[in-house]
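These notes open a run of structures that come right after.
You will see chain A twice below: alongside chain B first, and alongside chain C after that.
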Partner chain A sequence: MSRRLFHRFHRVAVFLFILFIVVPFIPLLLWSVSAGWRWPHVLPESFSLRAWTYLFSPSSGLWESMGVSLQVAIVVTLINLLIAVPAANALARYRFWGKRGVEALMYAPLVVPPYVAIMGLHLTFIRWNVTETVAGVVLAHLVPTLPYMLRPLVISYRTLGFQWEDQARMLGASAWARFRHVVLPHLLPGIAAGVGLSLLVSLSEYLLTLLIGGGLIRTFPLLLFPFLNGGDPAIGAALSLVFAGMTAGLLITTEWLLRRCYGDSHRTQPF
Partner chain B sequence: MKKRMIPLLFTVLVLVLGGCMGPSEGTTFSRSLLKKPWEEVVKQAKGTDIRLYMWGGDESINRYIDEWAAPRLKKQYGVKLERVPVSDTQDIINKLLTEKQAGKNKGTVDLIWINGENFHTAKEQKLLWGAFADRIPNVKRYVNRETPDIRLDFGEETQGLEVPWGKAQFVFIYDRNKVKNPPKSMAELKEWVRNHPGKFTYPAPPDFTGSAFVRQALFETTGGHKQYVRGMEDERFNRKAEKLWAYLNDLEPYLWREGKTYPESLAKLDQLYANGEVWMTMGYDAARAAGEIRKGRFPESTRTFVLDQGTLSNTHYLSIPFNAPNPAGAMVATHFLLSPDAQLTKMDPDHWGEDMALDPERLSKEDQARLKNMDRGEAILPSDKLAKHRIPEVPASVVNQLEKGWKSHVAKK
Partner chain C sequence: MWQRSKPYLLIAPATGAMLLLFVGGLWEGVLQSLGYRPLVGQSRLTLQFYETLLSSADFWRSLGLTLRVSILSTLAGGVLGLMISVCLVMLAGAGPFKHSRFWRHVFQLPLLIPHFVAAYLAVVMMIQTGWIPRLMFALGFLDQPADFPVLVQDRFGWGIVLTYAWKEAPFIAWMLYPVLYRTQEKWWEVARVFGSGRWAYFREILLPLLLPAWMTASFIVFAFTFSAFEVPYLLGVTYPQMLPVWSFEMYTGGDLTKRPAALAVNVLLAGMAVFFGWLAHRTGRRFGLLEGGRWE
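After this line comes the complex of A and B, so read on.
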């Protein structure tokens, strides 16, 4: 490809990025500081920091909820990794009796509407005595997030035969060394995708958190949803911006961490 | 070996988890608290925490609870109030239903903001603690529990299971600069709409406010609300409602976009009004217009009006669920929230702006003066004017009949 053509492509890509990712944030930002925005004005007629002042007042409970949300999402994602790596290995590379059934069960949360399952889940959790605890909320979040972690990992495992591991074994690598230096680098793109999805799904979960957490485990959506429902566009917009910032920050951090830990040392280019 | 282990492990997991299941233990709360003298309740509540589950989508309401009420409750009674924001109270009713089913006798909700359908469900499913309204001194002193708009919650007898907290009333909202003489009845409204084609419309039911507007029209075209208060069988209702459909269909060609389409929500209608496309909007909240002016959404010249024959009003309530962990604290908090000071402050548009649940005539001389001198701005009608034009809500069955009928007689015609 000639250099000029590349530059042109680059420009188009940057333009599209701005159009679809950055532009939608502009009205949000304007809404969050508007104190009167009526048609046909392109810009708000007057500005106020009412929404932001409220967000940073103790009444909003913003900081606590951010902490809880991050804590839950990260723990959920780590547990998902522990479950999904071996599960994906089994589902992608082994044959065993009942495999179809296990697979269907694992992916069920993707197709079964959450409302159907939620009551049974709540009932069971009450009997287990884990409602109103962070542990209970984490356990509940595993249900909708696990398939999102599993799917990319299964695909990663499918493209990995046994030959590389066999070769490593012949060269004397232990089981852990084979996993660490052969399997893991290959899985990295899948892990990155799964971790991102798992974090996102957990961060935006509402009803499960409300029911299992009983309103005591207050994640970010618990704060945000009433405002979106109630029609205070300024506070809704401000909260949405904070939420987007938090999510983006988390995703960038995890990507950076993954890249640092594995990406460079193995010269794979997962991203 | 590995291949066979997985389904086996899975089965074991299911069995182990299943084994953990069993009825959860919890303390059954006797309702003996309802027989104890008030001093005892106050003593028992001191130093405890309660959680109030309520809709959390309004900054000024949240602030009223967190910044005004909670610190004072703590100071006066030693009860710490924690507000739990809720998006839809129905979710909490479902939570309670499941807890009841699971036999969970120690829940998380001490106090809940409730009315209408949710109260109906809660009462039917026995999700509420007991008839505590009679036990609250401020309720006995200041609330007139005999008026139908307090005794009946959307046609359902409250039976003391909930305590009135505030009142909402249907009002029409208009721009004074454009509408010189706002109509006083549905007949006058029709006249006005004919003279100003395209400047009026209403949200399509089942939108909450649009549905209320149609009820309002039903009462005025068929001879008053009283006949509907206990519900009405389909056949008789359909005969009655013919006049209503005729009225609404007469109106249709003069509505916004010639009635070919209706705004699907109040938010849409508000937007039309804010943009000046229509000259009136409406709302089930007498103070809403004032709030929208303050937020800069509605023009300064916005005012409200009610109809001579009255507009719909409903009361919303506080109630204690069957498995409240701290009913004594919840009773004391209710007592505090029903005090004249708390209610008058709530009425102040700087705090919440909503009408109080107390009977103004039962207030002390000073409080009556405070009520009279309260400046709620010109966009809120004076409270005695609102109070004189108040008619109670009708049961959900009538609402359903209307919404179904509107679809087939007005929308699809």
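After this line comes the complex of A and C, so read on.
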């Protein structure tokens, strides 16, 4: 194959893959602004902002569900951060008996689906009086999110030896000062990645919220689901777009914060 | 003493949470699947729910469908993901896609949206009156909606497979990207000096470097598609159902006597997930795939 032909082939391949990714969003956009769209029209016959005005009106429940979703996701992520930072420290920098077992336990929810555990806990949650409460949903969300918080933090801790902290100790820094000024700046990329992933996983969670929240804790996915399952397609499409925009905004903000902290050369990996 | 117990203190909160919520939940699930219900005075353990399950044709059909869908999804996602990762590396270089950060974000799109939105995209695109049939009609390939194959809510599970392929291919690509990114232009030049063609370079140099990450990513996708609930719930048919959906319907169906059977399905599902994980780990170790490629 000649070099030029090969490069043309490359371009076509990249273009096709971009199409493959982007094209499904086009009918979604069109549905969200359509007023009537019968077979076999490729474009809607008439357009209206009905779905969007409905969504942003108080009766749609969009703002409440977004509030509940964010409340759950933020509390889950804060708890994860508090328990994962010390755990990542131990897993990355210490040798101790039982380490392999702890590692297996922490990453197990990536292999064994979390709803298996949460369905088993359902009766216990009823006994604890946490079903149909935000607290119960937060507890349930900890299971699928913790591994995603832990993993980037472990990677960050691995590249931090003990020497810097020893040096700071010799200079008279207290334990808190050592953590604040030596460890924390080093961990920031890991924290940003972990926080982003934890928020993303919690915001996207449907089944656990339904099982423990009993339909009363209406997070964003719970609001959206009935529309996907045969409801008004215009509203379903608009809600899906709001969701995609929210998560994309989250990721872009995280990346922007990282770039501001570390300059353009710093690359973050999703894992 | 402090030095020896310090790591245990550090891991205690996270381990405690996981022991309570995850291991505790699994344990209670196993007990309930064995018919342990102290609230109604039933505290004898029995294997009857497993026996009924394993001797019912429904279970085996569900398992067959679940395996078929997850294997096909993993294969499709794996192959497409490999191709997309190569595209991503090209986007990082020069060429027609110079504003590469924007285009790289485009490839991240499927990672950002939850699975149920991806399932909805599949519906909008591929039902018999969806956008693809409409485009095909406009181009004259189709006379009426019924001529388009049933790809959503079909008995084979094509809709689920296609959704997973679209959603997981970029995930696999992002797992492979760091590996490909480390390969250098120089290597290709050296390979050419030794008379290697493009295909030989790909087969002898790139593929062995990519395999470990590719195996890991594919396994994560397989484990996920094997046990995930949302996409088959939205895109599946009422019979046969994939195992997670079947278990959910039995659990929430209102008939409390079916709950032990639902939990038994869960336990079997979890057991198989662990078995596949162990198998992947063992196979990986035997072929030296898990140590990571040799870079020097």
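Everything below uses one rule, namely that the second predicted complex is superposed on the first by the 201 of 271 C-alpha atoms of A that agree within 3 Å, B and C clash if a C-alpha of one lies under 4 Å from a C-alpha of the other, contacts with A are read in each partner's own complex, and residues count from 1 in each chain.
In this section, a residue touches a chain if its C-beta (ideal position, glycine included) is under 8 Å from a C-beta of that chain, and two chains touch if they have at least 3 such contacts.
This structure is a prediction, so every number in the text was calculated from the model and none was measured.
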| item | value |
| --- | --- |
| Which superposed partner A:G215 touches (first chain B, second chain C, both, neither) | first |
| Partner chain(s) touched by A:I235 [first = chain B, second = chain C, both, neither] | first |
| First, second, both or neither for A:F243, with chain B first and chain C second | second |
| Which superposed partner A:L251 touches (first chain B, second chain C, both, neither) | second |
| Which of chain B and chain C A:T124 touches, first, second, both or neither | both |
| Contact breadth on chain A, by residue count: chain C or chain B | C |
| Touching partner for A:E132 - first (chain B), second (chain C), both, neither | first |
| Touched partner set for A:L171, first chain B, second chain C, both or neither | neither |
| Partner chain(s) touched by A:V143 [first = chain B, second = chain C, both, neither] | second |
| Residues of chain A that lie at the interface with chain B and also at the interface with chain C | 39-40, 90, 94-96, 102, 119, 123-124, 206-207, 211, 225, 228-229 |
| Interfacial residue positions of chain C with respect to chain A in the complex | 4, 6-11, 13-15, 17-19, 21-32, 39, 83-84, 86-87, 90-91, 95-97, 103, 105-117, 119-125, 129-131, 133-135, 137-138, 145, 166, 170, 174-175, 177-178, 198, 220, 223, 227-230, 234, 244, 247-248, 251-252, 262-263, 266-267, 269-270, 273-274, 277 |
| Chain C contact footprint on chain A (complex, rising order) | 1, 6-7, 10-11, 13-14, 17-18, 20-28, 31, 39-42, 82-84, 86-87, 89-91, 94-96, 99, 102, 105-106, 108-121, 123-124, 139-140, 142-143, 146, 150, 200, 203-204, 206-207, 211, 221, 224-225, 228-229, 233, 236-237, 240, 243-244, 247-248, 251-252, 269-271 |
| Of chain A, residues touching chain B in the complex | 34-40, 45-46, 48, 50, 54, 57-61, 90, 94-98, 102, 119, 122-124, 126-129, 131-132, 206-207, 210-211, 214-216, 218, 222-223, 225-232, 234-235 |
| Parts of chain B lying in touch with chain A, wherever the complex brings them together | 2-4, 6-7, 10, 17, 20-24, 51, 53, 55-59, 62-63, 66-67, 84-88, 91-92, 94-95, 98-99, 101-102, 104, 107-109, 267, 271, 274-276, 295-297 |
